[in-house]
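First subunit A sits with subunit B, and in the next complex the same chain sits with subunit C.
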Partner chain A sequence: MTMIRLEGVSKRYGAVVALDKSDLAVDKGEFVTLLGSSGSGKTTLLNVIAGMIAPTTGRVLVDGEDITSLPPNRRNLGMVFQNYALLPHMTIFENIAFPLRIRGVSNAEIRKRVMDVLDIIRLPQIAQRKPRELSGGQQQRVSLARCIVYNPSLILMDEPLGALDRRLREQMQVEIKKIQTESGITMLYVTHDQEEALSMSDRIVLMDNGKILQIGSPSDLYFRPKSLFAATFLGMSNILRGRFTTASGGGICLPGGEEIRLSSETPMTGEIGCAMVRPENVKLAGPDAQPNTNEVVGELVMSVMLGGITNHHVELADGTRLIAQEQTRIDRAPPLRGERIRLRWEASDTIGLPE
Partner chain B sequence: MGYVFLILPTLIVVPLSFNAGTELSFPPTSFSLAQYRTYFFESNWWEATVLSFWVGIATMMLSLVLGVPAAYALVRADFPGKKILTLFLLSPILVPVIVVALGVYLYFASIGIKGVALPIVLGHTLIAMPFVVITAMAGMQNVDRNLEVASQIMGAGRLLIFYKVTLPLLRPAIVAGALFSFLISFDEVVIAYFVGRAGFSTLPVKMFGSIQWEISPVIAAISTLLTLLSLGVCLLVAATAKDE
Partner chain C sequence: MAIFLAPLWSVLRQSLFDPNFTLNGYSEIIESHLFIKILYNTLQISLTAAFVTLIVGYPIAYHLSRQSPRRRALLLILVMLPFWTSILVKSYAFMVILGQDGIINTVLYSVGLPKIQLLYNRTGVIIGTVHFLVPFVLFPIMTSLLGQNPDLARAAQIMGASRLRIFLRITLPLSLPGVAAGGLLALVQTFGFFITTALLGGRGDLMMANLIDLYTREILNWNLASAVAVTLLALSGGIIFALGRVRGGMSAFGQAA
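For the complex of A and B:
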């Protein structure tokens, strides 16, 4: 069931297009992330939904009802801010009770519901404290509790973990995701951190320059990017430029003459394009390896050991650099710098992308 | 050092106020609380003090009721002519008090209200409100706009947000503005002199009149008390500011 639907929503400021015409549907109970670099229009999209910004065109529907012209306080949405936005003059209890008081909930009911959500965020003992007496992570949990408590149709979160250090951020990601799954809340989450987006989302909305570029599950976006931007934005990628051919069911011909086979047919025969393969799919072929689907030869520039994995950087004759990622092995001597290396990968792991 | 030199004349009234006798004399020749006794019990000074007090309270209320929402609107709202309106609201600070006093006097004379407390209160509000506006505008810097946005999304209407979120956060600024506007009115002599009438003097006006005719030593006692009051108010403001 669709909880929220955007139809042709756009926002311009004079000549600046903050958000190009966008369509988006989020299902009930879904966790959807807006992912994009700074200035890509994420906050604008969120604020249009929240009602803080009036869209230039388009409609916003919640539960099938057009809310485009409703003021923010009548939309029954929740929002979590990067700087927590807890009311500093109220106790935690009063902060969480605030939306309930606005809704005229009885005192007994308020007590019960506030204590319930404090249990959910696992901070039952802090009800009488003031926000400034809490750590950043605790404040952000309270801020989430303050949304959950009045059961909004959708919770919007604008880089909620941006102010926390890496360790805490990872804990909070797990925590938020857990609360979201258990309570079945619909969430629209904004981040520019790709790992955060990949680890938490049911679906990711990739944005750039005010446009929605691709919407899909994390693995869709990671393994089946539809554009060079998507391929390079998420994770590490190896890009080989060449000219599309139809030979052997979809391929790309590199300047050096090697042919790279792709996972699917390409409709753009003859045009300049790219083949993309993820580093973890590229293998260092030993001297006795069987000839495989895609193969290039280059020179080892360096090997970087990152604990469990090692990245081998290989430069091809035309200057293209590829990375092959392997599990670190101590029982085998690493290749030497300058050594000639043969890299191989499956055609099924190779995506053809327009330039 | 220069500062000490400047406040010395202010402090000189302190020893004078403890002198007995019916004339101001320096150096003091005796120690007594006679002047204070006269002030509190034996003269109509106390009447003037009570009037000043109520004028001060009324000025404070009016300045707050007008100044705080004005400051809020000036900081939050976005409309053409905002800068000019700000300047206009603050302009009484820039104009010499005597000009304001004359204006207030002529204005009330022309509409026929004369010699009651109301014109004094209105005149004082004119010069006190800019201070409330300035302190409240400064205070608004500490009111995170996100708090208001968050409250709005949670379902609060504008009025509720103003009362439950903005005002409590502005409290230190409001306390400071309230105390200062009271003090400005309580100490003010020019406007009160112009628009007041005989037998209806505020404390500073009565002091001013008394200096012109006979220099009563009670004035030293009153001056000492006024200095203490100002000092107390400043300390109070500093204390509430630190509190938050």
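For the complex of A and C:
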């Protein structure tokens, strides 16, 4: 069931297009992330839904009802801010009770519901404290509880973990995802952090320059990007430029003459394009391995050990740099700098993309 | 520092020696009906003026806090214009506006309404005082309003709060330190008021500063005048001390809160 639907929504400021015509539908209970760098239009889109910005064109529907012209306080949405936006002069209890008091809920009911959500965020003992006595992570959990408590049709989250350090951010990602799954809340989450988007979302909406570029599951976007931008924005990627060949099955011919086979046919035969392969799919072939399709030769520039994995940076004759990712092994000597390296990968891991 | 302290010391000495050490000045003013009446007057006028100033100043500060920085700077200049004018000039200007044949009464008369007494009474004093004080309360209140995180109001709005509720439950309570600072500042200012009461007030509106004037120039009892002055100073000092303890209060003096 569709919880929220955007139809042809756009926003212009004079000649500047902050958000190009966009359509989006989010199902009930779904966790959807708007992913993009600053200026991509993701925050504009969020604010249009929240009612803070009136769209230039298009409609916003919640539960089938057109709310485009409703003010923010009549949309029954929830929003979590990066700076938590807890009311500093109220206790945590009063903060969470605030939306319930607006709705005229009885005192006994307020008491019960506030205590229930404090249990959900696993902070039952902090009801009488003031926001400034809590850590950033705790404040953000309270901020989420303040939304959950009044059952809004949708919770908007605007870079909610942006102010937290890395370790806490990862804990909170798990925590938020768990609360969302268990309570079945619909969430629209805005972030510029691709790892956050990949780890939490049911679906990711990739945005750039005011446009929605691709909508899909995290693995869709990671393994089947539809554009060079999507391929490079999410995770690390190796890009090989060349000309698409007419050979059946799809392929690309590199400037050095090597032929790279693609996972699927490309409609762009004869055109300049790219082949993309993820570093974890690229293998280092030993000197006596059989020649293979999808194989290139280059010189090792450096090997970077990141703990469990090691990234080998290899430069090809035409200057293209590729990264091959391997599990770090203590029992095997790493290749030396300047050594000639053969890299190979499967055709099924290779995506053809337009330039 | 010495330049500031020397006259203060001489006033304090004047109040205690006549010419030998004596507390007569203080005992005399405490027993004096005139002094008690005027102390009561002073407190009443100061509290009323400070209160009215806050009522008038808060909406102005609220409006200013919601303007763009450019527009706010422009509007602030308008607010500050009277502030840069001598209080003597302003008081005479008010005599023109409020007088029996002044602008207000002329307008009232021309539309067939009875004239009202606005000058030489408490009303005149309060109008003149409030006009002088508004800029003083404006800055502390505006500072505390501008210091509020705008996301608080946005969050409350999305939670369903009306504008009135946002103001009463969030904006107003969070600006109270600024209100307290502005109010105390206004109070201190009014304690020492002289010209406004002398020009716009009636005989029943004498304040402490007028009493000091009376003792020094007419009765020539400098011992008594000094005792009144020291009492006034102690009163103001007490309020400034309170101001320092209010959160954000020091911002009234241009310091970071």
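Things to note:
In this text, the second predicted complex is superposed on the first by the 354 of 355 C-alpha atoms of A that agree within 3 Å, B and C clash if a C-alpha of one lies under 4 Å from a C-alpha of the other, contacts with A are read in each partner's own complex, and residues count from 1 in each chain.
To be clear about the criterion, contacts are C-beta pairs under 8 Å (C-beta built on N, C-alpha and C of every residue); 3 or more make two chains touch, one makes a residue touch a chain.
Owing to the predicted nature of the structure, the values given are computational and were not obtained by experimental measurement.
Aligning the shared subunit A places subunit B and subunit C in steric conflict.
When both complexes are overlaid on chain A, the residue A:52 reaches subunit B and subunit C alike.
Applying the stated contact rule after C-alpha superposition, one finds that A:76 touches each of subunit B and subunit C. Looking at subunit A, you'll find residues 50-52, 71-79, 81, 83, 85, 87-89, 98-99, 102-103, 146-147, 150, 156 touch subunit B in one structure and subunit C in the other. Those residues of subunit B that touch subunit A in the shared complex are 144, 146-147, 149-157, 160, 164-165, 168-169, 171. Residues 50-52, 71-79, 81, 83, 85, 87-89, 98-99, 102-103, 146-147, 150, 156 of subunit A are the ones that touch subunit B when the two sit in their complex.
Residues 50-52, 71-79, 81, 83, 85, 87-89, 98-99, 102-103, 146-147, 150, 156 of subunit A are the ones that touch subunit C when the two sit in their complex. Those residues of subunit C that touch subunit A in the shared complex are 149, 151-152, 154-162, 165, 169-170, 173-174.
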